[in-house]
Amino acid sequence: MKLTSLLITILAACAAGSPLASADAKTLRYATQDEPQTLDPHSANLAVTNRLLSNIYEGLVFRDKDWKIVPWLATSWTQPDARTWRFKLRPNIKFHDGSTFSADDVVFSVERALHQFSQLKVSVQGVERARKVDELTVDLIMREPNPVLLKHLVFFRIMSKSWAEKNKATIPQNYRDKEETFSSRNANGTGPFMVKERQADVRTVIVENKNWWNRNSPERGNVTQVELLPISSRPTRLAALISGEVQFVNDPPAQDIARLKATKNVKVVEGLEARVQYLVFDTMRDELLYSDVKGKNPWKDLRVRQAVAHAIDVEAIKQKSMRGLSVPTGTILTIFDQGYSKDADTRLKYDQGRARQLLKEAGYANGFSVTLDCGNNAPAVDICPAVTAMLNQVGIRVTANIMTIPNFFPKLQRADTSFYLLSWTSPTSDALYTLQSLLYTHSSAAGAGGAAGDNNYGRYSNKELDKLIDQFKVELDMKKRDALIRDALLLINREMPIVPLHRQIIPWAMSAKPGSNVTAAFPPNGTPYFFRFNIK
Amino acid sequence: MTTPLPLPLLEVRNLRVQFPTRRGLLTAVDDISLSIAPGEVLGVVGESGAGKSLTGAAIIGLLEPPGRIASGEILLNGRRIDNLSPEEFRKIRGREIGAIFQDPLTSLNPLYTIGRQITETILTHLDVSPAEAKKRAIDLLNEVGIPAADKRIDHYPHQFSGGMRQRVVISLALAAQPKLIIADEPTTALDVSIQAQIITLLKKLCREHGTSIMLVTHDMGVIAETADRVAVMYAGRIVEIGPVAEVIHNPQHPYTVGLMGAIPDLTKEVERLTQIDGSMPRLNAIPSGCAFNPRCTRKVEVGSRCTTERPGLLPAGKTQAACWLYANDGANDGANNPANHNVNAPQTVAV
Amino acid sequence: MLAFIIRRLLQSILVMLTVGFIAFSLFNFVGDPVSLMLPPEATQADREDVRKALGLDQPFYVQFGTFLVNAAQGNFGISLRLGRPVSQLLVERLPATLELAMTAAVFGLLVGIPMGVYTALKRDKWTSKVLLTGSLVGVSLPNFLIGIFLILIFAVWLGWLPSFGRGETKMIGFWSTGFLTTEGLKAIILPAITLGFYPITLIMRLVRAEMLEVLRTDYIKFARARGLTNNAVHFGHALKNTLVPVITITGLQLGAIIAFAIITETVFQWPGMGLLFIQAVQFADIPVMAAYLCLIGFIFVVVNLIVDLLYFAVDPRLRVERSGAGGGH
Amino acid sequence: MNDTFKRMRESDLWYSFKRHPLVIVAAAAALICILGALFAPWLAPHNPFDLKTLNLLDAFTPPAWTSAGKAQFFLGTDDQGRDILSTIMHGSRVSLTVGICAVALSMVIGITLGLLSGYLGGALDSFIMRVADVQLSFPAILIALLIDGVARVVMGKDGHDDVAVYVLIFAIAASGWVQYARTVRGSTLVERNKEYVQAARVIGRKPLAIMFSHVLPNVMGPVLVLATLHVGSAIITEATLSFLGVGVPPTQPSLGTLIRIGNDFLFSGEWWITVFPGVMLVILVLSINILGDWLRDALNPKLR
């Protein structure tokens, strides 16, 4: 009896419930390896987080399809004096919760981005504070000049002050200690999409913001809803794409690209991603952690670092681990970045004999043991063991420690590492962000406005390099600036605190099935801006 | 031979039951022949392993694989049944041949009421309505002496005592009014005090219904009380068959003699009970000739024939015994004489 | 009957106390809750404060008592990994796991019982032997391999069924169900088969063994001797007696199914408690582990109770003996 | 008397063994697997864990019989250029070690507790049996996961990797002792009241020791069956844990780890990386299960 009524309920619901979507609703289901971790706009500077939040939060300026900087929440800007940037704000902008966007929100967001828990200090590089001039005018007061401020501001995300205050989210979530705040689960930006559902680990659904100010943009596509599904298992993720359950995968494993290209109803968009994979040594500690060397730190010896560079057969990695989808590189900057220099893009030759020789000279004829920390995301998970084997072959007894992302990043942020593999892309497409984050002497001083050494987990410190960076940071003459950057890059190549491996090409794979045929352009930072996506 | 021969209800001819095992073919029932007249009670006795239960199982068509009838025939009312299809045989079971097993505690399905089990049997075989079947079931229960049968019909087996349960089992066996009941040790598991009641009941019911019984037991006392004739089995063979009083009081076969000697007889004064030395051979080690010969005290009287040639049933006194002691001059033919198939029919004994 | 239930309830409470104790030990002896909660920079004074606030300065039994009271109210603290209340996380994930486990169990019964009956009744047929050997293969195939192959065949090659997730779910109160949408129903098929594989083989072997046992009993022989049809003997008499022990084991298996769901959920990215738990293990997220343990214990206790009651309904012997009626004459 | 009985039983076993071709095949397969695993360091064509000998350029070599195959890598190589045949042999070694050690430990725990429980009775008995009841409600995989998780918390990741195998053995053992304990307890209860135990007590000998020597032969059959089947399930448990990424560390991969690694290449055409370890796992467990199943039937007098 009860069973029957239950059955009837189910059947009725099935009948009623299936055709949900109206004709013009376009849902893009998007599978990616990692969970976005947080919705807080200033908490974690992780690619996976940025990819999602760029669709929800907006900044004063943005980049168009051709990667040119264009006005966004600011309509125009001037530089009344060397230390001030004045932005006129776009009127009548509403946040997702309906509140009006004004200068207060910009001031608040600058403060928030500069907070000690913020990992996006670099997005307001050089800014000391913000000052409201009137409701729609804001001054950014610089601690020091920043010739490329606009490039940084592209990913400076503005959140609603009133909303943050109401929900006690005025300071960024302390991501390193895995804190949980209102803002890590809810979002209120001005962007083209707003959060509809957030189930950590399961799904995050964003829907179009019908009140978005830029709805008439010619660049706008037709996606009305995006479901982000973290599927950590590579085969499952791929199976989902091939079977048409998801329409977009931004991180297909390299080994499957060939097959995906040959698969009906799937297409691969190969962009050139400005992401560099590189190795970092702990050059700070006097005694290496996770090693059998006691009382000293081999990485402090330049010859040992060079030996590592010599030991790595980057071509083999390209051919096997990356299936040809990489461009070996000798520098941390990419051709997309302002300041890239061909002269600095040189690798030490793959030469095992030379590597052994250098180790011997450094007093490590019998090698030493050390742990290489890697994330379990592709392609690091493939490269890590390959590098490990190569280093073992010259006598450095490396053990790979492959960890999940939520364990890996906090470990790095505690600088609890001897040797790690990471990838990097500069959201500003400028040398400053990269060099300052990765290689400037680390400073934990709060509120200094410095993004100095934010991501310098090897704690490399070189006064000379710091000086060069300080110099080009404020150099307004672009020619001189490029020359300074070149000097810095060459210095890095000489000192080798990091070993760049290659620039990776991680294409997007998406559905080409009629009805769910996705078209999208691949931007150099690899971020899917869903408002530019089309589904036909 | 003055009265016309009543057709035997059951006739078993040269039945042989075998089990293939890895040590070869075991013959558990070896070339036995017997018959049961309507209304007659035939006792079958023997030690455990003598093949008596298997004979019963073969007759009712419930030999457990890999056991099988290797040769011989079984006739019920003159109709051969051993070669029937399983489905045809099923229709005979319960309807024409009923069965009662040793343990009433385990013969009933514990999950169903006894009423359900009786009506189910009735409905399977008789074309009656469920209500009628239930009425019959209550009647049957009354008949087997279960008080308040109309209430007890809805009880589960575990709510009955052992004796009561055996009564239920009897009512089940009789439910479809079979002509023959194979009762395999029907009282062995019961209290001695109850055994007699059950036997009496069984005998009474069969007399009233005109049902024949093949009573398989190792208990000579039960046989003596109940059976008209008795067949004594040893190592898969019938060694002696005849009227019950004769077999008990005047056994002819040395094995029967030993068997009877082992029973305390309160009516006689006997100095001591006799005992047969040794034990029944295992099925894979049955001696050639007479199966009993290694234990037989009178083997010397016959000589080597006992160990070489298997004796058939020979007239011996008022019974028939498979023993060379009773071979007359020309009785060499006893072993191969097909004629002895009918000599064990009751009417010839009566001659 | 009432006494019986009360006794079972007491036993259940004992089980839950034991499980609670283990969970409590996890919290207190395995991870120092204070160091788990505070950032490494915290001062000694901070630690003492937290210690007091958490009641860790109290004697052991008081702490345990507090833990039990909290646990009974579903309060297991905050997940170290996700920073959210554990109970909330579990409540979100519970429906997914239970729906999957139930479907797998039903699937296991629906396929396992007929196969078991078949192999018992036709024990000498070659099909039975194939099924039996096949069931051994089934037991020897790890769950994750089955899942992977099913995805490969049905999601990738044939494209019939989804390879991950629950499809579309609907909320009924706090319960999110996938049974009400076609997408949801389609999504559960592969995971349920994967998860049901082991129960099928187990139930099949169990039913076969029990059935063979029952077929050897006197009452079956007697039922045959009464001339009942094969169907009546096999399905009326033998099957019902077979199912009594099968119910218990299947009930107990539900716990195993829920645990094995961990693997299935990982392979199919099924957003249930198992996925949560495996991540908790990887990240040493003690509160989630402890809460999961308690929840599984609770489910087990409830299932056991239900099984006992079912047993009651099926087996008249229990019913009457316990109520004291009837008895022998 | 006891001795002749035993001999007969043994001969029965042998006879039954000879009559089941499937069992013979299974025994042969299990034997080959075990020998291959045992002597892997000497038999394996390569040492896949000597990182010095690996060449990344050998990676993704298909099996030798395919056109792109190389003779020195019979079953091909994985993503790091390791010889699959060698990784399988070493992997089975880890799997078997964990499986057999876990079962042995389980048996020791179970038999001891069962004996104590049955012999001493009383509070201890009911305590042990209650614990057993509770534990039975938690499937092996869950208990193993819990123990593994706890070990991770206690030791931290780095400490954990070094002892992961032992933790795993302990975890699987701790989740499997109940059945042994129950079997032994039952048998002990029967023996406890027999005369020789009383006699031993009277003459002042340790009844427990004597009983043990009497109980043990009685339960040897069932325990052997349990143990055989348990080895199969222990290997699966290990593989599952490793597949989930909480088992042995990737530096000493078991079959489960290998399958997990290969799983990433399922769609890219390098099927051999996952298929061969998978097949190996199934063959190993299947042959052990067939043996255990046969043993159970052969030792069960009811079925003979």
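A, B, C and D are the chain letters, set down in written order, and residue numbers restart from 1 in every chain.
Convention: a contact is a pair of C-beta atoms (placed from the backbone, for glycine too) under 8 Å apart; a residue touches a chain by one contact, two chains touch by 3 or more.
Predicted model, so just to flag it, every value in this text is computed and none were measured.
**Q** A-D or B-C: which has the larger count of contacting C-beta pairs?
**A** When B-C is set beside A-D, the one with more contacts is B-C.
**Q** What is the distance in Å between the mean C-alpha positions of chain A and chain D?
**A** Their C-alpha centroids are separated by 45 Å.
**Q** Please tell me the distance, in whole Å, between the geometric centres of chain B and chain C computed from their C-alpha atoms.
**A** Taking the mean C-alpha position of each chain, the two centres sit 53 Å apart.
**Q** Can you check how far apart chain A and chain C are, centre to centre, with Cα atoms defining each centre and the answer in Å?
**A** Those two chain centres are 41 Å apart.
**Q** Using the average of all C-alpha atoms in each chain as its centre, how far is it in Å between chain A and chain B?
**A** 92
**Q** Could you tell me which residues belong to chain D and also touch two or more other chains?
**A** 263, 266-267
**Q** Give me the residues of chain B that touch two or more other chains.
**A** none
**Q** Touching two or more other chains, which residues of chain A qualify?
**A** In chain A, the residues touching two or more other chains are 233, 235, 239, 242, 407.
**Q** Which pairs of chains touch each other?
**A** A-C, A-D, B-C, C-D
**Q** Mind listing the chain C positions that touch chain B in their complex?
**A** By the definition above, chain C touches chain B via 124, 217-219, 221-230, 232, 236-237, 240-241, 244, 314-317, 320-321, 326-329.
**Q** Would you pull the chain A residues touching chain D in the complex into a rising list?
**A** Its residues touching chain D are 233-235, 238-239, 242, 253, 255-256, 258-259, 290, 313, 316-317, 319-321, 371, 382, 385-386, 388-390, 392-393, 398-403, 407.
**Q** Going by the contact rule set out above, which residues of chain D touch chain A in the complex?
**A** It is residues 51-52, 54-57, 59-60, 79-81, 157-158, 250-251, 263-270 of chain D that touch chain A.
**Q** Quick one: in the complex, what on chain C touches chain A?
**A** Touching chain A: residues 39-40, 78, 80-84, 92, 148, 151-152, 155-156, 159, 161-165, 168, 170, 179-183, 185, 266-269, 271, 275-276, 279, 282-283 of chain C.
**Q** Using the touch definition from the top, list the residues of chain D that touch chain C in their complex.
**A** These residues of chain D touch chain C: 22, 130-131, 133-134, 136-139, 141-142, 145-146, 148-150, 152-154, 232-233, 236, 239-240, 243-246, 256, 259, 263, 266-267, 274, 278, 281-282, 285-286, 289-290, 293, 302.
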